[in-house]
Structures are given as C-alpha cells and as structure tokens.
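Written out below as structure tokens is the structure these notes cover.
Chain naming follows the written order as A, B, C and D, and within any one chain the residues start at number 1.
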Amino acid sequence: MTATFRGVIPPVLTPFNADFSVDTESLRRLVDRLIDGGVDGLFALGSSAEMAFLTRENRRVAVSTIVDQAAGRVPVIAGVIDMTTPRVAEHVADALASGAQGLVATAPFYVRTHRNEVIEHFRLIHEMAPDVPLFAYNIPICVHYTLDAGLLIEMAAAGYIHGVKDSGGVDAATRAMVDAKRAAGLDEFLVLTGSETTVDLAYLCGVDGVVPGLGNVDPAGYVELARLCTEGRWEEAAALQTKITSLFGIATAGDPARMGGSSAGLGGFKAALVHLGVFDSGRMAPPHQALNDEELAVIGRVVDEYGLK
Amino acid sequence: MTATFRGVIPPVLTPFNADFSVDTESLRRLVDRLIDGGVDGLFALGSSAEMAFLTRENRRVAVSTIVDQAAGRVPVIAGVIDMTTPRVAEHVADALASGAQGLVATAPFYVRTHRNEVIEHFRLIHEMAPDVPLFAYNIPICVHYTLDAGLLIEMAAAGYIHGVKDSGGVDAATRAMVDAKRAAGLDEFLVLTGSETTVDLAYLCGVDGVVPGLGNVDPAGYVELARLCTEGRWEEAAALQTKITSLFGIATAGDPARMGGSSAGLGGFKAALVHLGVFDSGRMAPPHQALNDEELAVIGRVVDEYGLK
Amino acid sequence: MTATFRGVIPPVLTPFNADFSVDTESLRRLVDRLIDGGVDGLFALGSSAEMAFLTRENRRVAVSTIVDQAAGRVPVIAGVIDMTTPRVAEHVADALASGAQGLVATAPFYVRTHRNEVIEHFRLIHEMAPDVPLFAYNIPICVHYTLDAGLLIEMAAAGYIHGVKDSGGVDAATRAMVDAKRAAGLDEFLVLTGSETTVDLAYLCGVDGVVPGLGNVDPAGYVELARLCTEGRWEEAAALQTKITSLFGIATAGDPARMGGSSAGLGGFKAALVHLGVFDSGRMAPPHQALNDEELAVIGRVVDEYGLK
Amino acid sequence: MTATFRGVIPPVLTPFNADFSVDTESLRRLVDRLIDGGVDGLFALGSSAEMAFLTRENRRVAVSTIVDQAAGRVPVIAGVIDMTTPRVAEHVADALASGAQGLVATAPFYVRTHRNEVIEHFRLIHEMAPDVPLFAYNIPICVHYTLDAGLLIEMAAAGYIHGVKDSGGVDAATRAMVDAKRAAGLDEFLVLTGSETTVDLAYLCGVDGVVPGLGNVDPAGYVELARLCTEGRWEEAAALQTKITSLFGIATAGDPARMGGSSAGLGGFKAALVHLGVFDSGRMAPPHQALNDEELAVIGRVVDEYGLK
C-alpha cells in the first residue's frame, strides 16, 4: 500500500487571498505545475504550507483543493499536525474527509513529552485510521523532540507508522533509520528525507524519497536529481544538487535583522512563484514579515539566473 | 482597568469525563474551592489546564464554565494560546464570547520567530480586542522563545500588553521586568510570576501577583503566602513558601522512567484533587501516562501529611 | 572549619601588564580595596579572574599574590578549574603551595560527562587534599552541566564537598540546595550564590554568602547588602540590590555587535577599576575585544553617577 | 604545503600506564598499525586522544612519541586545544618542539565567545607559527560554538587557517564548506570530515579527507572506503560504510545508566585494541568509568564477528 509514497513529494505551499483565505486558483496552478514537473506525490499541510498559521477551516480548504486538483494523478498525503492527540484527531477526520491518502504527524509539542507518550500518541493516531498510511514527521527544530531510529523502528514494528519524513537535518541519523529498518526486516517502512541540500546523500544512504520545500519552485530539478540517484549517476547527482542548492538564494534574501527564517524562506519561495506567474500574491500569514522591493528584486534575479521558466 | 488582576490567580485545571469531554461538575467544585480559598482571580486555559490537549470546543466549555461559576466573584482571564496569530484569533473570539475579562497569549511557537514577528503577533492580538487587558505569557520551556524585559516594556509602552505572566523560572529576569517597568514609568503594567516555589522572592522583587499551578491544591496557602509578603513579613513568608514547596511531592510521585513531567505534575495535582474530593477522576488527556496505584498512594500521603482538608 | 567561608567573597579580577603577565601591583591594590570594603573572603581564579585565559604560571602568580596581600586578614579560596581531573590535580597542588585555604572546582567540561563521572571527579579532588574545604562550582553557562541539589547533597553527605558556589542563575534551584541540606541535616554545608542581582532573594532563601563579580567594583555595597539581609531588613535590602544592579551598566556598555559578554562584562569591571584608580590598565587577555573610548566614557559616567569613590 | 594533509588521518588514541603516564610502547604499536593500515596522516591530541584529560607533560610525551614513531612515513598534525589563546600558545610551542607538521585548534570554550573573538583567536594562533598549516576544529558538542562555512572561509581568505576538521555531524554543513571554498576560489583550503559513519557522503560532497576515531580500530577499512570514494565506486563505498558502522557496536557496549558517552566510546575503542593485542591496557583517564567484564566480552565479540585481525 505504501509503495506509492516514493520519490519526489513536495510539501505544497499555501497561497493567500488578501483576507488570508486560501487562494485556491493559485493553489491549483501550483499543483499542476508540480505534477507537470514530474513529482511522485504531494504533501499537503506541511510546515512549508504555513500549516501552523492556518485555521482549521483553511486547512480543510487547502487539502481538499490539492486532492481535487491532483485528481488521482499522484497521491496526496496530509499533515495532521497539532500540539497533542485530541487536537490531531480533528485534523485526521478533516484530512480523510478531504480525500487524503496518507497522514503525517509530529510528536506532541508545546508540552514536554516522554518517549512513552510519543509512542502512545502515534498509536492513537494510527487507531483513528488503521488503514491509512501514517508517517512520523521528525522535525526537532519545530517540535524540540527528536524521533530517532530506535523509536521509529519500534513504532514501525508495532504497525503504528508506515514511514518517516525526516527533517532532522542530520544525514547520519537518516542513514541510521535506513540501516535499522533493513536490520529489522522492515523493508516496506519508508524513509523520506526532508533535506533539500543533501538529496543525493540521502539516496546514497538508501532513502525512498524526498520532500523538498524548494521543490515548489523547481520540481523538475528535484525529479531529475532523484532520477540520477536511482540510476546510480552519483557525481552528476552531486553536481545537480549543488546547482539546485544555489537556488536557495531566494530563501535568504530577506534581511535577518528584520525577519525570521520562516519569513525569509517561505516568503522567498512564494516570491519566486509570483515571479514565475504561478501565484497571484506572495503574501504570508501574520505575523510573518514581508519582503521589501529590494529583496524581491534579488529573488527575481536568482530565479532568472538559475534559468527557471 | 487592569488593577483588578493582582494577587493570587491560579491556572485552573481541567477535569475530564471518561470521553475526555470537560467534567463541568468537577470543574465547578474546583472554582468554588479556589474562590473559597480566597484567590483574587482565575486563569482559564493555561498550561496547567491541559490547554494544549483541548479541542476548540473543549476550550469553550472550560472557559465558559469557569466564568459562569465564578459569577463575578473574581475576574477570569483566559489563555488564547496557539501556534500563530490566525489561530489565536479564533480563541480570542471564543474567550470573549465566553465572558473572559482578560486574555493571555504566548509568542508564536512551532515556527521559528523573530523579535519583530513576536511584536507583530501581540500587536494584532491587541487589535482584536483593544479594550480587553492582554497578558504576555513567558514560558520558554514550552514556546522556546524568551520574552525579556526589554521586549515586554517595548510592547507595554506601545499599549499592546497590560501585563506579563512570567513562567521563565528565573527570578532575576522577573525582577528585571519590575525594575524596567518602574524605570519606564509604566507602573500600571502588571508583572505576575508563574513560579510556585519562589513567590516570596518574586514579591520582594515587586511583582503584582502569582499564578501558581499548585494553587489548585492549596489555594489558601498561596493566599496566606501573598498576604505575608504584602505585609512585609518576609521570613514568615519564606518559611511558608518552603512548607508549600514540600507539597510538590505530589508532582514528582510519577516515575520519570515511565512518564514525562506533565504526566507526573498535572497528574499529581489532579490525583490530589480526587483525594480531596474535588474531582471525580484524575484522568488526563492522551497521550499522558497514568499514575499507578502506588504513585497515587504516595500522593495521598503527601496531601495528608501536609494537612490539607 | 568551613564556617569561615561565609558572607561576601568576591571573585578577584586579574589585572594585566602589557605582556599579559599579572600586574601584581594593581592586584594588591584591588585586594586591599576589597578588604577595606569589608569583604569576608576572597575567591581567586574564578571565571571573573579570566582564569580561563591564564597560563598555569599566571594562575600561580595570581593566587599567591592574593594570599600574600590578604595576609590572613580574610581567607582565600582558589579556583582549580580545568577540563578534567588530571589537569585539575596540577592546579590543586599549585593552589595549596600558594597558601589557598579552600578550593573551588567545576564539573568536567569540553568532555561529555555522566553523573557518576562528576561524582568521581569531585571524590578524587577531595582525596588530593582531604583537609581542605572543597567547593563545587555550578556554572552551567560555561560547563554545560548542572549540579543540582540532589547531586550536591549526595556529594556533601559523602564528605567530598564542603559547599557550593551556585552561579546557575535560578534562585529556585539555589533555594532547593538550601532546603535539601537542611532536610539532610547537613547544616554545615555552605551554599554561596554567584548571583549579583538577587543577593537579597538568595539570603531570604537561606544562603550563607555571595560571590559577586560586581563586588570588585563596589565591595562595600555588597557588604552593606549582606548586612541588611542578615538583619532581616528585607525591603531596604531589595532597594539597595536594585541600586547596585544599576551599576551593571558598566558591564553592558560594550557593543554586542562587536564583542561577547565576557569582553563587555569583565572589560567593564576592569574599566571601572581604572576609572577608580585601582588598576593601571583595563586590558583583557586575548582574544577578548577591547572597549573603545566612547564605551569607556559611558562606564566612567555610570560609575560617577552611582557615586563610587 | 597543505596538499599532504589529505585522505585518512585518524585521531590517535592515548594508552595509559597504571599511573596514567603515557604508555609509549602501546602507542608506538598503534602508530605502526595505523601506518601499516595505509593511513595518510596522523592527528595527535584530538578529542579521541583523551586530550582533555592529559596534563601538559603527557601531551608532550604523546605527540613526540607519535612523531618519532611515524618517522616521516606520514605527516603528523597536533591538537593545541585549550580554553583560550594564551593557554593554546603553550601547546603550540610544545607541538612544534615535538616536530608536529600541522596544528589543530578549536574556538575558545568555557568562556562565552563572539564571532570577532573567534577570528582573533585563530589569527593569533596563526601568527604564532605562520608557516605551519593550522586547521580549525569544528566540534560544537564539546565547544558549544559552531564554526560555519562563512566564518571558515573568511578566516581562510585572510590566510589564518589552511583547513577545517569538521566534527559538527551535519553533512549539509560540511558540503556548504566545500561549496563555499570553491565559490571563493580557495581550492587549497582543506575540508576534512570527522564523521565516522558518513565518509562516503562527505566524499561525494567533495571533502579532502577524513579523521575517523574508529579508524584506530580498523584503519584499513577506512583506507579502503576512501579509495572506493576517490574511484567513484559510490555504492560499494556506501555498503562498506554500513559495514564499518556496524563496528560501532564496540562504542555502545558500556551501560549508559552507568557511564557517559566518552567512557563507553573511547573505552570501547581501547578495549578493542587490547583485544587485538595493540594496547596493553584499556584504562582511561579519570573520571572516566571503566567497562565491566560483560561489556568487554561484548566488545570482543563485535570485533571478532567484524573479522578484524
């Protein structure tokens, strides 16, 4: 069942109207652009979707729009991320009603959490929809808890999770997950990396796919990168990875004295999509800080020099 | 206007029915017990309320029950805590509809946040209800961002916030807030400490009140402690503080090898309230781990030896 | 024996000649100024002494000069701080040869350390000089390990340590040490706070003394503050503490965009002592960054307005 | 000049006699074993050498023994690691007197440090021996400061450092160093990874060599791994890396409830070398905790099953 969630699965950004409702037309254009770029799946309501800034209603609109526009061309997995189990339960119901084919949950956050409590959290989410593949999302920079290989394999062996999206940023840890699943004979357990700058390395470690935020801007680049990896053309892959990484200039144009990494990063992605004609507006949910004209000009130049469109 | 939010303002726990709906009867008994104990106000939907585990509906039930049962005897402030501004906005509307007379918000969390974004966050919340006192909640252990004296005073001077609930755990920082507000001539800005074990110290620094989780179990003790402080009977206060701190044995009975600090701490508070006949059940929201019989027996003994009831 | 290490025990700064040898004449003037100010003891080779920047030879010169100049008027305890036990052993031998009457050691640092290893570390240091009082120095900001009340009391009960210098910055933790020693019947175990801005609070918690870096600049102020505390004049103490804290303006004059907290803080202390005629030079050991003329002028004004000399 | 510091350069362990002097005979056997295994250089006095536990005299003995035994067959670089510049200066003099051909220094530690102070630190060390290649050692787990690509390239461009040993554990950061040096036209700047479990990945990123602690136990394995990488046989490299990683079982045999990671890790390496007949004793410097017989038996089995000797 989970065999379909492999390859390049970008976390889809959320464009906004002026009143911060979801701009569904821009969102549909993005979905088409991603699928046209060759991606293997879509991840709705990830961190890149400004999921943390979306009301429950906006989350529902985003995921149902993505599922509707994907129209079965590629599978859609949906984040059900919230502080604790009872709140996640509501998102699970919404995501399934919207037609998502897989779920992605983090460890609890805001609250201080014990390993046993993390396991119970995923066990309960799994019980909410036992037939739907559930991915654990390792993102310690946001959640301040690390899902390590031992914990993941324990939950996989118990049947609670079908895979992991690892945004921990440490390739040695990603590799440890791959090695541990193989040692445990859990070959069907999927390891997806969230790293945008070491996709080649992650594939060399044996991951099953990648969830690249930057893939919103250059989906075809990541698709080509994954293809080179699966064909064993590692040095070409490394060279392409370095080229793609240069596109990250769009995510660092925002002045760190004025705004945080999310404003600069997601704002840069959105600005690039405006520059490329995909989004009508690059506005970000409050309290994000807006990029100024000078920063937007830098982003436009980076996109042009990179050669997109 | 904010002059009323002084003194002992416990963060009210949330009792649950078997289906994890709010047990409003137990909650009403707790509200009465707190008011009978002499508290000066009630803080609904704080961390101690398992707010992070409550659905939006459960939050509404909790705060409206507390407001209704308080019936104007003491003021009620309500937490509107969520990841970012758009989600907080929903809780603001709910809290005001439920009759809360003040609001409490943290910095954004899950997302990485810049100082400018924190200020914008509080500015926007203030704009949602400009006539309602808004308290900033400094709780870095949950939010992973520290609201320091400089930031607070900047927001106070701009009129965004009316006070702070400081659960940072560092009395020197609490004192810096008091000294800074005085230096800025912002005497009406309220500094409330969330520390349960240094109330005397915080009062000696000049705080306006305390929000003690342990005050759910011994409200009268904290009321007496605050009275000793305001009367300048510091050594008696210190001795009483040490005695009250011994009651914290109820919060550490849970085995740290089996559960996290929230399960042990809030679980201990709830178990004590069951022991005292206030709550029908000590159950905690998932994925909290339950205390076992041996641990519950320890809690009962600590409560009895302390001499409550 | 340890009963003498109570009260105000400043960590003595280290003045340098142009070649970064110890300027013993300036150091002798500082020692006299501190003793004339009424201090109860001297702490040589603490963090404020730029101990981390001193070669073994410079450490020897510093402590022997301090002991010689103190001439028995007040006791001298000496830091023996280094990464691990074998290196600390050399400093123990040096300190004792120089006439220090007590020793101060941190947990191991640079290396990752287990609780058992910390205990073994202090046990071995104690064995090097079983008749000399050994103080554990809790300074997690430097050592990245916290000595908590439970660990300290275990080592005190075993006879390894005679007291703690707590620079952890959390008064609740300092109080827990005092409460724990009393509960264990270890009344002779000394708790000294390293906090310069909450001396009154620490005394209200029951500490035996204070080791204030800022006491290099205003020893008489801290002596008066400790006296008010021991006389139970808490509100006068709090007011004096707030006044003394204002002198910290000398430690924050250095531009944080240009230098670290140590350069600004210790540099400010040294600059104040130059301004007061105690030190010939305020130079700091490399790679500290120097304060500029504008910053030095600010420091001079803060000292003058405070009313020193 | 620095062109020679490429390839596999293990950080040489330090065997001890019963009095914790350096067991030079065991050390000479280890040096021979490493060189016989094909390594390209030796790193004396790194973290794996228990450098933090060595007195100045023991450091001198260790590095001079290694240089003497290497006898020019491979180059030797020496750690000069200490808290700050004046203390590092002594180690620089010692290392050069002992014949080391390169130096390795960390950022200052124990003290809180500003970027400008880190640069000044390396500038001054470089000035002590301007003709000797100086490597910056990025090891935030010990030093609690991260040397990032921007800082390194700034220091490289200024001529202060000739390379970096990156033990930061994040391959994306290692890659950023490689990409940054290339973008800056600093092709001679050497990037060595300290990661033992992602050597293949680091080589695919373009590093110049590896400094593997585990290379003390299986030098030939790492030499073969590096060869496969330089020949572009990436999948064979990845498979070999996974095999070598399995040898890490020797570093985790020690019970984490009883000892820290250094005791278990370096203790495991030493125990393996005893098992292989290279070291006479596996004793570790205090306050390390010793492995017990059961743990030593596990280590022996891991070594045997791996197939060494």
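To be clear about the criterion, contacts are C-beta pairs under 8 Å (C-beta built on N, C-alpha and C of every residue); 3 or more make two chains touch, one makes a residue touch a chain.
Here the structure is a predicted model, which is why all the values come from computation and not from measurement.
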Chain pair, A-D or A-B, that carries the greater number of C-beta contacts: A-B
Selected from C-D, A-D or A-B, interface repeating B-C by over half of its contact pairs: A-D
Whole-Å gap separating subunit A and subunit C, where each centre is the average of the chain's CA atoms: 50
Approximate Å spacing (C-alpha centroids) for the pair subunit A, subunit B: 35
Touching two or more other chains - residue numbers and ranges from subunit C: none
Pairwise touch network: line, ring, star, complete, or other: ring
Subunit B residues within the subunit C interface of the complex: 169-172, 175-176, 179, 195, 197-198, 200-201, 204-206, 232, 234-235, 238, 242, 245
Touch list for subunit C against partner subunit D, complex: 20, 47, 52-56, 58, 81, 83-87, 89-90, 108-114, 116-118, 120-121, 124, 141-144, 256, 258-263, 285-289
